[in-house]
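Here it is: the structure, laid out below.
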Amino acid sequence: MSPLFWLLILPFIGGLAALLDGRSKTRSALWALAGLTGALLSAAKPVFMVLVSGNNIAAALPWSMVAGPLELVLDPLSAFFLLPVVVLGPLFALYGGAYMRHYRQEGHWHGIHWFFYNLLAVGMILVLLTRNGLSFMVAWEVMSLAPFFLVLFHDREKTARHAAWIYLVAGHLGGILLLLFFLLLGTSGHSLDFVTFQPQLLSPGLRHLLFALAFIGFGVKAGILPVHVWLPEAHPAAPSHVSAYMSGVMIKMGIYGILRSIQLLGGPVFAWGMVLVLAGVSSGVLGVLFALAQHDLKRLLAYHSVENIGIILLGLGVGMIGISLGRPVVAVFGLAGGLLHVLNHSIFKGMLFLGAGSIQQQCTSLEIDELGGLKKRMPITALCFLIGSAAICGLPPLNGFISEFLIYFGAFQGQTVASAAAAWPLLLTLAGLALIGGLAAACFVKACGIIFLGSPRSTPAAKAGETGPAMYLPMLVLAAACCGIGLAAPYFFDLVRYPLAVLLPASLSPSPPFVGAVGRLTIISLVGGGVIILSLGTALIRFFLLRQRTVCRQPTWGCGYLYPDAARMQYTASSFARSITLFFDTILHSRVEGAVPGEFFPARIGLHSSTPDPLTRFCFTPLFSGIAKFLGLLRWMQHGRVQLYILYIVATLFLLLTALAGGWL
Amino acid sequence: MLTLMSLLLFLLVLTNLTLLGSSRLAFCIRTVAVQGVVLGCIPLIGLHPFTLQHGLLSLSAVVLKGGVFPWLLLRSLRVARVKREVEPFIGFSVSLSIGFFVLIGSVVFASRLPLAGHHNHLIIALAIFTMVTGLLLLISRRKALSMVLGYLVLENGIYCLGAAVADHIPMVVEFGVLLDVWVAVFGMGIAMYQINREFDHTDVDRLTELRG
Amino acid sequence: MSLVTVLLTLSLAPLMPGVINRSKAVFAGRRGAPLLQPYFDLGRLLQKGVVYSDVSSGMVQLVPVVNVALFLCCILLVPLGSLPALVHFQGDFVLLAYLMGLGRFVTMLGALDTGSSFEGMGASREAFFAALAEPAFFLAMAGLAKMTGALSLTGMLQQITVEHWLHAAPSLLLILVALFLVFLAENARIPVDDPTTHLELTMIHEVMILDHSGPDLAMIEYAAALKIWLMAAIITSVLVPSGSSPLWLPFFLLLMVILGVLVGLVESSMARLRLIRVPQLLIGAGVFAGLALFLEFAQ
């Protein structure tokens, strides 16, 4: 039995066992975890072999679909995207088992929940392995439907139901576009198998249309602005390990889809690379701006996923521009940066969501302005969250910097040798990445600083404690991975060698730029290691210096306002972000409700600010309400009389029959 | 054999016209039962070579349509305490006339169909006539039970068409159709009981209040 | 030979703040502190004890350590005139910018760690202005890369020859202005921030380190001096075409001193900008750099 077969079957069996054993919370979680660990073990050897040698592994499943036998192919690109699916699935499941234990009221739901969690994993694996349009769509549907039930775990809460509904609608609107894409592309070959597609037979206009369909269709899943609107609703509503899996792994399937469709369409043209860069810049900058204005930690993290997808698109766009211009260095660095950022983002975004889950478990609320001082109470979680934040801002010596460096370098190299018409997307990439990096640092200083540092702003925060080992162990593993990838960058860069070969045309050989990249990354890792060693050295010197000086602790200076409550005088998260959100208010349209003090003497006043997604508010809600109103004009047809409905059918049939009989059709 | 076939076809036409013109529900149920038995016997009359499968099919059709369905429907009739179909949308005489016209029309239509030589145009015509009768019942009657009867007649017409035209219908399909009908009628019987319990009537027309 | 750059930087860096302060004093008509005052300050601070906020949990202690270590690594990347940097590779300026970003990140977290609203104010403003200064820096680097064709800091700065100045003077001037504005923003000089004020409502950089004292403050001040030195070295290298004669090094150092005097002049002749005008200034710096690129591509 091919290991690819086990890769699909084991998580499914684990999920079924969890469903049948749903009464017990721990046992159903263990069944699911067992299935996912089985998938990891069976995937380890094939993925390793494919990524190291560059050959494909194929297997055919013993039952036939409508379009032929179900063939599974593991090529380097699929293997690369399979890595986060199989490695992070069991880690998050381990966390989730402990996290969900305190949800007592949804007793029967646990088995169902773990069944759909494993089904999500199976769906993603199937998406990565199929090479047929029909089976791809079936797998895509399975992958899209499973999270609906996962998001709906807290089904008593209206926000969760609303979020699940928006997710479902958005996913299916994207799916329609994908169906169109595959059907149109299938007209070039004689079947829906990927190997039979012949894109060179299609007209350029049709190819542009197909790219647009694939980009928007997969973009809905990936969370590209402006079709990202389901992300900030679905991720906060789901339990944390589900948010981590969805945000870290599932949205990358959209990126995989975009890459695969560009490959199926016969390689990119300059216009497509430009579109990717533009989408990347807007997703990145707007994503981080929306994130800055949020008060809820999970919503903030969800918008950061949008931003990081923007960064990934920037890298892929730079790579596509490099391919279309025939510049191997630009192509290799851009694509490698984008692909590595896919991997890096799954790691640190997953870790951040797990941290948010730990905070939610201890403090119930995720309002940033109600937390504070958690570093002293939850030191391990705080350490992992801080490392994750530094990684997501792209700071050396962690892994986020490695992928951003590759994208920067590709863009810099490209703009020195390209003409003006070709270079402006690259310059936009540079400025965009810099701005995104700076704003992301601002946002995460706000999140980390207000949540973990200072003093607690509410009673639950003051009473929090560290979570159990099942919850902080996965976070420690991920934090170690962040540091490890940052410090051993050249080895991890080798992972993308063969996935790049799949994406690059045969005319661009990747080996010369590869060697250059490895050399630079070695120096970066060495400098990163140097920073750490020097810090330790400086810390040692400081320690010896301070041994002979007096050290004491005092309350900080508060200009006389520290009594009665020093915690209330601290800076809040909304104040921290205020200068930025005020500057960008035309984009954000924040709503501020509250009274400004009008009298001379102190009175009770309150201020509340919120930033609902401007695209939902000004674009999608009016659009859908308009459609609903227009369709309401047809309400007269829905009178409820069954007989008349049947009469409509009969009349149509009769007309058709007479037309047929009369020879008019 | 031909005369037996003519007798069966004559019975088919008679049952359809009776259904269109009658308002007594118990009588209609029994008429549909007779129609079902008639159609169940069609495989036995030698259109196709007789096999065990055909015999099994015809036996199960006769039992279901002649025995089980009427029993179920009469029971729901008793529970709902209705006796007659009053005030249908299309009056009884009018629907009878429409039935005649449909009979003529379906014979004309069937004669123009491009069929293979050995197939009988008359059976096709009568099958179409049965289907249209069923649809007419569905459209024009108010009571839920009449709609169930209309559905049964429709299914009879489809069955008749299938038995006449197809030389080798997979047995699975035939049994599947039968199972389909059985499940539908069973479900509808339960539904009628529940509707009656909830609303004290089974007038489908008055159920328009339920629309969203 | 590159080791000389490191040793020179380490020893001469605190001189730059001294030069700037001295020139400001002279322009104000005073005598001013001695040029070596920063060294005396560092020595004095190292002798003192430390006080921490009772709310702080370890980030405050991390700030001076990380800053010093980072800037020690940063000076390995920056060339000094015709002396190449100890570590140079293509794309090293990205590493430089992000190392400085890491220092800023840790400093901001340390500011929030004290639990005081003043540090929070400073951190908030610092986050915003730094986010706007980064694109300007990268666009200026892109302009230099396009002009010289080199992609490492050492390569770019040492390959600016007299011909470049003759042919592409407008672009180089625009890049210089952009880099100078970024210098002012990053090092907390007027018009972006006033390093001498201690009014809580007007500080940005100073307020973030308000709660540090003793050896911690000494390390932070030293790291700040290194930062001034690094950015001044970059600007001076753009200004001065490269040469390989041994006289270049003292000439280069002299030019650094002149740059310090220039900064003092700018500080003395302007007032600090209103806080809502600072983003416009930084975006202006970005626009200058973009304009320089446009001119280069148009040729």
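For clarity, chains are labelled A, B and C in written order, and residue numbers in each chain start from 1.
One rule holds in what follows: a residue touches a chain if its C-beta (ideal position, glycine included) is under 8 Å from a C-beta of that chain, and two chains touch if they have at least 3 such contacts.
What you see is a predicted model; the values in this text were computed from it and never measured.
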Steps in the shortest chain-to-chain touch route ending at chain C and beginning at chain B: 2
Pair of chains whose C-beta contact count is the highest in the structure: A-C
Chain B-chain C separation of Cα centroids, rounded to whole Å: 92
Between chain A and chain B, centroid-to-centroid distance (C-alpha), Å: 57
Chain A and chain C, separation of their C-alpha mean positions in angstrom: 36
Shared-contact residues (touching 2 or more other chains) in chain C: none
Residues on chain B engaged by chain A in the complex (per definition of touch): 89, 109, 112, 135, 138-141, 147, 204-205, 207-212
Of all residues in chain C, those that touch chain A in their complex: 46-59, 64-66, 68-70, 72-73, 76-77, 87, 89-92, 94-95, 97-99, 101-102, 104-105, 108-109, 111-121, 123-125, 127-128, 130-135, 137-139, 141-142, 145-146, 149, 151, 200, 210-211, 214-216, 219, 275-276, 279, 286, 290, 293, 297-298
Touching residues (chain side chain A, partner chain B) in the complex: 638-644, 646-647, 650, 657, 661
Touching residues (chain side chain A, partner chain C) in the complex: 373, 375-376, 386, 390, 393-396, 401, 404-405, 408-409, 412-413, 415-416, 419-420, 423, 427, 430-435, 437-439, 441-442, 444-446, 448-450, 452-455, 516, 519-520, 523-524, 527, 530-531, 534-535, 537-539, 542, 545-546, 549-559, 566-567, 569-571, 575-580, 583
